[in-house]
Amino acid sequence: MPIEQQRGDIPGSWRPKLHEIIFEADTPAGKFFDIALIVFILLSTLCVMLDSVSEIRAAYSAVLNALEWFFTLLFTVEYGLRLSCVQRPWRYAVSFYGIVDLLSILPTYVSLFIAGSHYLLVIRILRILRIFRVLKLVTYVGEAHLLTRALVASRRKIGVFLFAVVTLVMILGSLMYMIEGEESGFTSIPRSIYWAIVTLTTVGYGDIAPRTGLGQFLAAFVMILGYAIIAVPTGIVTVEMGNVFRQPLNTRVCPVCAAEGHDDNAVYCKLCGGQL
Amino acid sequence: MPIEQQRGDIPGSWRPKLHEIIFEADTPAGKFFDIALIVFILLSTLCVMLDSVSEIRAAYSAVLNALEWFFTLLFTVEYGLRLSCVQRPWRYAVSFYGIVDLLSILPTYVSLFIAGSHYLLVIRILRILRIFRVLKLVTYVGEAHLLTRALVASRRKIGVFLFAVVTLVMILGSLMYMIEGEESGFTSIPRSIYWAIVTLTTVGYGDIAPRTGLGQFLAAFVMILGYAIIAVPTGIVTVEMGNVFRQPLNTRVCPVCAAEGHDDNAVYCKLCGGQL
Amino acid sequence: MPIEQQRGDIPGSWRPKLHEIIFEADTPAGKFFDIALIVFILLSTLCVMLDSVSEIRAAYSAVLNALEWFFTLLFTVEYGLRLSCVQRPWRYAVSFYGIVDLLSILPTYVSLFIAGSHYLLVIRILRILRIFRVLKLVTYVGEAHLLTRALVASRRKIGVFLFAVVTLVMILGSLMYMIEGEESGFTSIPRSIYWAIVTLTTVGYGDIAPRTGLGQFLAAFVMILGYAIIAVPTGIVTVEMGNVFRQPLNTRVCPVCAAEGHDDNAVYCKLCGGQL
Amino acid sequence: MPIEQQRGDIPGSWRPKLHEIIFEADTPAGKFFDIALIVFILLSTLCVMLDSVSEIRAAYSAVLNALEWFFTLLFTVEYGLRLSCVQRPWRYAVSFYGIVDLLSILPTYVSLFIAGSHYLLVIRILRILRIFRVLKLVTYVGEAHLLTRALVASRRKIGVFLFAVVTLVMILGSLMYMIEGEESGFTSIPRSIYWAIVTLTTVGYGDIAPRTGLGQFLAAFVMILGYAIIAVPTGIVTVEMGNVFRQPLNTRVCPVCAAEGHDDNAVYCKLCGGQL
């Protein structure tokens, strides 16, 4: 089936037009729809945040509640329309964007049964991603694609690194638990592991800190370790990015001497002088 | 119009001389002017800082106030002279340096109406930048230029990264708000997002810290995440710098067409086929 | 002696079969054994951790104690079997894995004499390493090998860096001790060195922080220093990784002498002069 | 004057022998001297540290004081001998090592007049550097040399970066001072600048932290900024190290076709097949 049909362009049907407006941004209507969508998404996310500030909730509870339901119903209708105007509703529903769209309306309904769950609505911010794609911010999408490739390429090395870190913090945490004990706040091994992570990652809250000399000595060791091994993920990602960002070499072959590796602007073979 | 005239060198006029002194540093007078300016800038910035220390303000309020007005009037006169001796005052006024010059005198006058605004005078430190340029610290300017180019080259990737970080902290912050709640200091989603940023960037004030086990588990996840993804901006900038700093490989010039940029092992010019 | 014998495959003996089950993962029995082992290791480590949480210990002390002994006896039997079915028990006993296996059962017995030492059992987590090897997670092992090579290659430079850091924190710590003194928490030089490490590594607990102006000035210097010199280990590891990860440029083989590693634009074999 | 004389080898003089023992490590006597020196340096540094721990000082004040004078007199004699057995005492006295040697004995004498100054004796640890050089730890010295070269090569870029950071924290600090004010701990601009450095470098003590919403918003901005721009020094140093560590290319030229860039193990020219 040709791509046009896939995208729902059946002559004389209402769905192609709707599809064009909702999924594309080439027509004025489509562009307007996307702009409006961005505005609504940002506004609704803002509402959720404001609703969490006790002073504001106390004062404008009713307004915020109304707005939340307004946005939710709006997005619900939009979700229905998206489902209705795609050829394969199910494929859309299970796609990343389809799931995000669903997740950004569900919490409001769930909050009828589970109080507070509506704060999950901030996930709506993820919908912005689609807009990027739709608004044809090609360069940004391209850059994001490059970054993703670099991270995917280094996922195994990062995995090995994370396993090493987890093993390390478990052993260090247990040692500190035995050295420091309750009175310093190292009340259990899990909590000591939490401390080890806080320290190794150089976050250093200070809510738990060693008091004994030996404990501080081990802590100092953990810090210098964490200070040094951050070089590992950095090195991995940097090298992979270097490989990913490097543009492919020109693959032209000289017809005379079959030499390769000519620059993009090469007119003659640099080895035999033959015209390329 | 030749460059000389642009820079205001009209024979028999007072402006070229003034321009030479204020904008150039080639003549003894010009150099002296710039040195004096640096000293005044540093002194005036120091005054603003000292004025903010309550003990000192209590003791020397009058002196500091007098000095501040002295420096402001001085810089105001200088600003007027700069305006008067350039061919295109407006173009200077709206240039980066022109704006900085203006901003470093305005606050004092504003402080007559809005108390405390004169602390903005520290922006004067930015004026030092011009001096660098004028004193022909070429190498440093060149290095700064290289760095800027590298950062500009990686601006899009950094932008994508920052968008991802912002989305991440919004979702993580909301989750923590629901998990920890008021009593741990996560009093609202914005505040929880603030905590997420404090943690992800490994700053870790400790003014807000999770208390519940689940909260600490999520926090540990955020820390390791922040510890790992710092590799992303580092990798981006490092790779771009590698590209920007890399000097051309080969400086041979083709005797036939004078083209440059040949590979080390090129035998014939890749552009005209002439023997190198 | 052929490799088969080394691995204990003496026809008609019970040991080859046992060896196959315990040390290999090619047969269903061997795979099942390894899976079971992973589960037991994780469970036993979990027990140790739970046992350290006072509430849980209060409630389930007996159960946890029983489980701990169960796992320990189980691993003891396994250790004995491993010793019995290898050709060279001693070589296994002194190998890395042999020592880890021993260390992950000893603490329980030691805890009969020294209370609390059984928390060292978390070292059992290291046993997972073997499983990785056995389960033929080749790619991961390969990646880990690459990382190790990169770190080994940069060990000397890292050593120099660490020596510089240690010298630095000793001198900075002593300075701060003289500047700040007792009342700010800098109660001794070792403790001040601990502070210097906390600050230089950007961990920043805040349990000790300078109060005097001069102290804060020096602290600011230490922070910016630490912020800048983290570039050193990062740079070292990144460069070494770049060297280690870089795959051979060209895979052509010389038809005459079968040499490899020719440049992309090589026309003749650089070793025998034969046309490639 | 030949090198031998410079190093003091005048036949029949006592100084060459002394010079050999003190400055060289090739003879058994020289090696023993250096080993002993390391031990004494470490012991004396340890004494200074222990002396700063109030409990220990209270108990062993007399012993530590005696030891300190013992070591100081010992090093004083050594310093005198070094001066006496070099051809150019003055050149040694003003050399880096000469100054370090002097600084590691002076504080004890100064402490007779200025109490507490003897803690500066930790500078003795720097003397270890010479031992490295003398004990011919060539590889380490080489590595250190490489690192130094890389840092020297990037000093200008780092300088530009530091200037940018200083300007940034001055402006950010003043802004926070105006936003937060006294009650949050931002009692003066210098103190606010201190906070800005603590935050930008991701140290994050938490001794000063914003309370107002606007302040926390700006703080979040500063953190993300600091989290991102750490990529700058890292990138600079990494790239410079990449250049410095890279071994020089082979510079042989093919006698037949004058091609360059042959590998170290190349026997024939890879371009024309001519014998190199």
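Should a chain be cited, it is by its letter among A, B, C and D, assigned in written order, with residues numbered from 1 in that chain.
Please note the rule applied: a residue touches a chain if its C-beta (ideal position, glycine included) is under 8 Å from a C-beta of that chain, and two chains touch if they have at least 3 such contacts.
Quick caveat, the model's predicted, so the values are computed rather than measured.
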Numbering shared by both copies at the chain D-chain C contact, with half separating same from different: different
Centroid-based (C-alpha) most distant chain relative to chain D: A
Distance from chain C to chain B - Cα centre to Cα centre, in angstrom: 42
Centroid distance [mean C-alpha coordinates] between chain D and chain B, Å: 30
Chain C residues counted as touching two or more neighbouring chains: 161, 190, 193, 202-206, 226, 230, 234, 236, 238, 242, 265, 267
Residues of chain D defined as touching chain C within the complex: 45, 48-49, 52-54, 116-117, 119-120, 122-123, 125-126, 128, 139-140, 143-144, 146-147, 150-151, 158, 161-162, 165, 190-191, 193-194, 197-198, 200-207, 226, 230, 233-234, 236-238, 240-242, 245, 261-263, 265-273, 275
Partner chain C, residues of chain B touching it in the complex: 202-206, 234, 238, 265
Residue ranges of chain D touching chain B (in the complex, touch as defined): 156-157, 159-161, 167, 170-171, 173-174, 177-178, 182, 187-190, 193, 199, 202-206, 209, 213, 216-217, 219-220, 223-224, 226-228, 230-232, 234-236, 238-239, 242-243, 249, 257, 259-261, 271
